[in-house]
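What follows is a pair of complexes built around subunit A, which joins subunit B in one and subunit C in the other.
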Partner chain A sequence: MFDQLFIGGLATGCVYAVVGLGFTLVYRTLRMVNFAQGHVFMAGAFLGLVIAERVHLPALPLLFVVGAVAFALGMVLERLVFRRLYHNHEVFIVGSIGLGIVLMNGVRVFFPEPVPFPKVFGSEVVQIGAARFQEGYLWVVLSTLVLVVLLHAMFTYTRTGRALRAVAADAEIAATVGVDVKRAIALTFGLSFAVAAIAGVLIGPLYFVSFDMGDMVGLKAFSAAVFGGINSIPGTILGGLVIGVLENLAGGYISSAYKDLVAFVILLVMLIWRPTGLLGRETPVKV
Partner chain B sequence: MKMRKLIGAITVAGSVAMAVSAQAQDIKLGVVAGMSGPGTSYGIGIRQGAEMAVREINAAGGIKGRKISLVVVDDASNPAQSVTAMQRLVNDQVDLVVGGWGSSQVLANMEVAERAGLPYIVVGATNPKITTEKNKWTFRVIFTDSVQAEQIADAAVRRLGMKRIAVIHDANDYGVGNRDIFVASLKKIGLDPVAVVPYQSADKDFTAQLSRIREANPDGLAIFGTIPAAPAIMNQARDLGIKARFIGTGGLANENLMTLAPKASEGTVLTTYFHEDVDPQARAWADRYVKEFSGGSQPPRPVLAAWEYRAVKFIAVPCIESSGTDKEKLRQCIGRWKGTLFSVPGDAYFDKTGQLVQQSVLVEVGKGAFQAFKGK
Partner chain C sequence: MPPEKALSRPVLSTSDLNVHYGKVHAVQGVSLEVRAGEVVALLGANGAGKSSIIRSLVGLTPASGGRILLRDRRIDGLSSEVRSALGMAYVPEGRRVFGDLTVRDNLLMGAYLVKDRAKIEQQLEEVFGLFPGLRERHRQIAATLSGGEQQMLAIGRALVREPEVLILDEPSLGLAPVMIKVIYETLKRIRERGMTLLLAEQSAHIALKIADRAYVLETGRVTYESDAASLRSDPALRESYLGA
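Entry: the complex of A and B
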């Protein structure tokens, strides 16, 4: 039973981690929380569904296409919506919650009922020890690994990545040395949309997709980001995995009634004990 | 320019509203159900059943020359919102309400109907607490969990020969109500369930619960829940290698079950509220209904549509015809109602608690559809 709970939790944890990355990316750059993130994850799943139903793409190209479309969508929404909001944190929070509601109800118009997702990642059942799970779980775990490596490589080795990090560290100084701050912020939104949408496609075939699927995942991913340190990428990944595994173990060994409680208790304890998160650093206040 | 357009639009909307209220002669039939959220596949059926009945009655000249106008409100499958939804119907001065989906929602919104003195015929909620001696204005046409859970417990042991039965149930009023009666009925027969685990309505991943069930090695798994959780549980149970046969009650009686769990749902035995093979009238109605609602954005869902249709056409309308729209007279008329309905074997009537007494139907999922259960 432990194997099953652990591996299942690991896969869900990966999804929390990847969606949580979206929170982290935006937070690092703007010091603001984009509460539409969970709904972007949901919209990504439906984007994948719409594409997969029309064109028969193998798994990898499908992930790539969805990532690319979501990236473009993130850039566009940044230009149309977020850019007008991020001058003020309160305005941004309310605006992003509003955008999430718009996304959710926009999808709801076309898909009022939960729908099955085509089994793009195969439907074979794999057995490891006493645990049995769909191939899709492996895809979730492997894709998360690949995504994290890619993001890390981008931030470390590419010019754009370094520009993003510079803006994250200090936008004013980055601007004075010639970094296009507006473009960097737009790219950040593009990236955060892309990762959330990819997570949506990964999880789609394992469950059904429904317009409200982003609610809980968004909250858990946010908890994951806060747990690990909302300005730290490794922290968020760690946070997602810990929450995913712990809630599954609690659900199996204690009672499934307390499953959702785990993530939020972890969040509360963390906020009281260490508000910067496990691996997060305190942001120095500029005077 | 923009402003002028806006004012124009408001004026148009205003005059439409006037035109509607000018026909105050209309009988207003309120429908409340979850037309979004987890209850969507059920709520849509309820709405379609009401639309079909009202269209037919109006086409035939209405009730003594008065047309019926439908007031449909969506409660988003949420108990808190269903209170507001019912309040809207009260404010809209509907003459009666036929609808309601989900035990938690109905338990919440029936209070509003009771306080306002509004006749309310419930078609889609099964918790026994809805029809007790306390409800004066609330009636229910589908049978309760006590009937269904007891019947399925009996069928599981005596007809399906199950010996190790596990239970997974939604932690809401529907799931808990069913679990309690099911477990008690099993005990009466002399069997203890090998595992009983709850889940939350919004859960997507059931590995935690199903791992525990797999440890118990059951030969039957009772699922007391609704769409989309129930088909997700079926799919994931099969992935985990659980081979137990699934059984359940009315929560599973929705065609979306076979869409969402095409392979896993095969062989599931459940109690249901309507089946087209019970009599020729039921079959004729189902064919007409499916024809009318196929091809739309939402597929037809006959099970609850049939109850909504029958409750409107055979119970509510004859009562309005004989007693008018005076709410007290209408309530008494519904309480006295006795008659036959298609797909219900024998006579049906309301008991003292406002519960429609009737025989129930057992079905089995086979070849992607609900088939009349032919087991031993």
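Entry: the complex of A and C
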């Protein structure tokens, strides 16, 4: 039973981690929280659904195409919406919540009811130790691993990745060494949309997809980010995994009624006890 | 001042530069000139407007009036990244290294606009030659460096691109006297290589050690301008304009 709960929790934890990464990427750069993040995850799931139903893409190309489309969408929405909201954090929060509602209701028009997702990751049951689970879980965990490694490599070893980190550290000074900061911010939104949308495709086949699936996942991914330190990528990943595993264990051993409580108890405890998160650092206030 | 410097064309100049912060008129019609190979000091007490001038030169604070020329090209109105591409390099007040990045990554950011990898490595070697301490620490996270090392890194980051003009805002601020000495020794070497420097400092006696010319600022206006030698040698002048 423990193995089963642990692996199930690890898989949902991966999803929280990846969606949470979107919060972290944007926060590191703008010191602002994009509350549309969960709904981008939802939109990604539906984007995957629509594509998978029309063209029968294998899993990997599907993930890639959804990631690419979401990336482009993130860049476009940055230009059309987010760029107008940066000047003020409150405006940004309300604006991003509004954008989330627009995304959610936009999808609702076409999909008012929960729908099953095509089994793009195969439907075989895998056995590891005492745990039996669908192949899809393995995809979630492996894809997350690959995604995290790719992101890390991009940030560490590429010129663009370095520039994105420099903008996150000090946007003004980055501009004075020649970085196009507006473009860097747009790229950051593109990346945060891409990872969230990929997470949507990964989770889709394991559950039904519905227009409101982004609410809870968004809040839990946010908790994951706060838990680990919202400006820390490793922290957010750790936070996602911890929340995913703990809530699944709580759901299994105590009662599934309390499952959702876990993430928010963790969030509250963290906000009170250590607002910078487990691996986060205080970021100096920008003048 | 060596005569060839007097004859050389200005690399950077402003005419009637103004900066406003709301109603605060922080820079009031400042005209200055930095010629090729020259070290120009911008002197003045805290709040005199040094940083405002420098920030408007590099494009971080908009000028509310006047012009800025780099060579013969008008650059006010251009963004910071374009000015940087045109050859301006900036060492900000308070150093502002990219704290999460390693020393090496900070320097690579300075060379962000250089595309040729061999050239970049060669320029890094030059900087490590000037600041051997940075070479030893090239893998260290910049935030963990001491203040003096961060200042070296900020200067190195500005130099890697071989700029046309190097603009420094109070490089001695908050540093121990020994460290200030090290920094200024290096600036001297940089000057000897023919680099053009604009240097803002509160401590006139430090800046005048390497400056060819100086502008003295008071509440946003240039109140005195001369070659550095006369300011150095004339205590009465120093007394009346710099209070030191």
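Heads up, the rule we're going with is that the second predicted complex is superposed on the first by the 285 of 287 C-alpha atoms of A that agree within 3 Å, B and C clash if a C-alpha of one lies under 4 Å from a C-alpha of the other, contacts with A are read in each partner's own complex, and residues count from 1 in each chain.
We adopt the following convention: a contact is a pair of C-beta atoms (placed from the backbone, for glycine too) under 8 Å apart; a residue touches a chain by one contact, two chains touch by 3 or more.
Values in this document were obtained by computation on a predicted structure and should not be read as measured data.
By the document's definition of touching, neither partner reaches A:91: not subunit B, not subunit C. Using the contact criterion defined above for the overlaid structures, shared-chain residue A:125 touches subunit B, although it does not reach subunit C.
By the touch criterion defined above, A:72 lies against neither subunit B nor subunit C after alignment on the C-alpha atoms of chain A.
Of the two partners subunit B and subunit C, it is B that touches the larger number of subunit A residues. Using the contact criterion defined above for the overlaid structures, shared-chain residue A:102 touches neither subunit B nor subunit C, since it reaches no partner. Of the two partner chains, subunit C is the only one that A:176 touches; subunit B does not reach it. In the superposition on chain A, A:114 contacts subunit B only, with no contact to subunit C. When both complexes are overlaid on chain A, the residue A:150 reaches neither subunit B nor subunit C. No residue of subunit A is contacted both by subunit B in one complex and by subunit C in the other. By the touch criterion given at the top, residues 58-60, 79-81, 83-85, 88-90, 92, 96, 98-101, 105, 108-110, 112-113, 157, 161 of subunit C touch subunit A in their complex.
Residues 35-37, 40-41, 44, 171, 197-200, 202-205, 207-209, 211-212, 214-215, 227-228, 231-232, 239-241, 256, 259-260, 297-298 of subunit B are the ones that touch subunit A when the two sit in their complex.
Only residues 1, 4-5, 8-9, 12, 108, 110, 112-116, 125, 132-134, 206-208, 210-213, 215-216, 248-252, 255-257, 259-260 of subunit A touch subunit B when the two sit together in their complex.
Residues 159, 162-163, 165-166, 168-170, 172-181 of subunit A touch subunit C in their complex.
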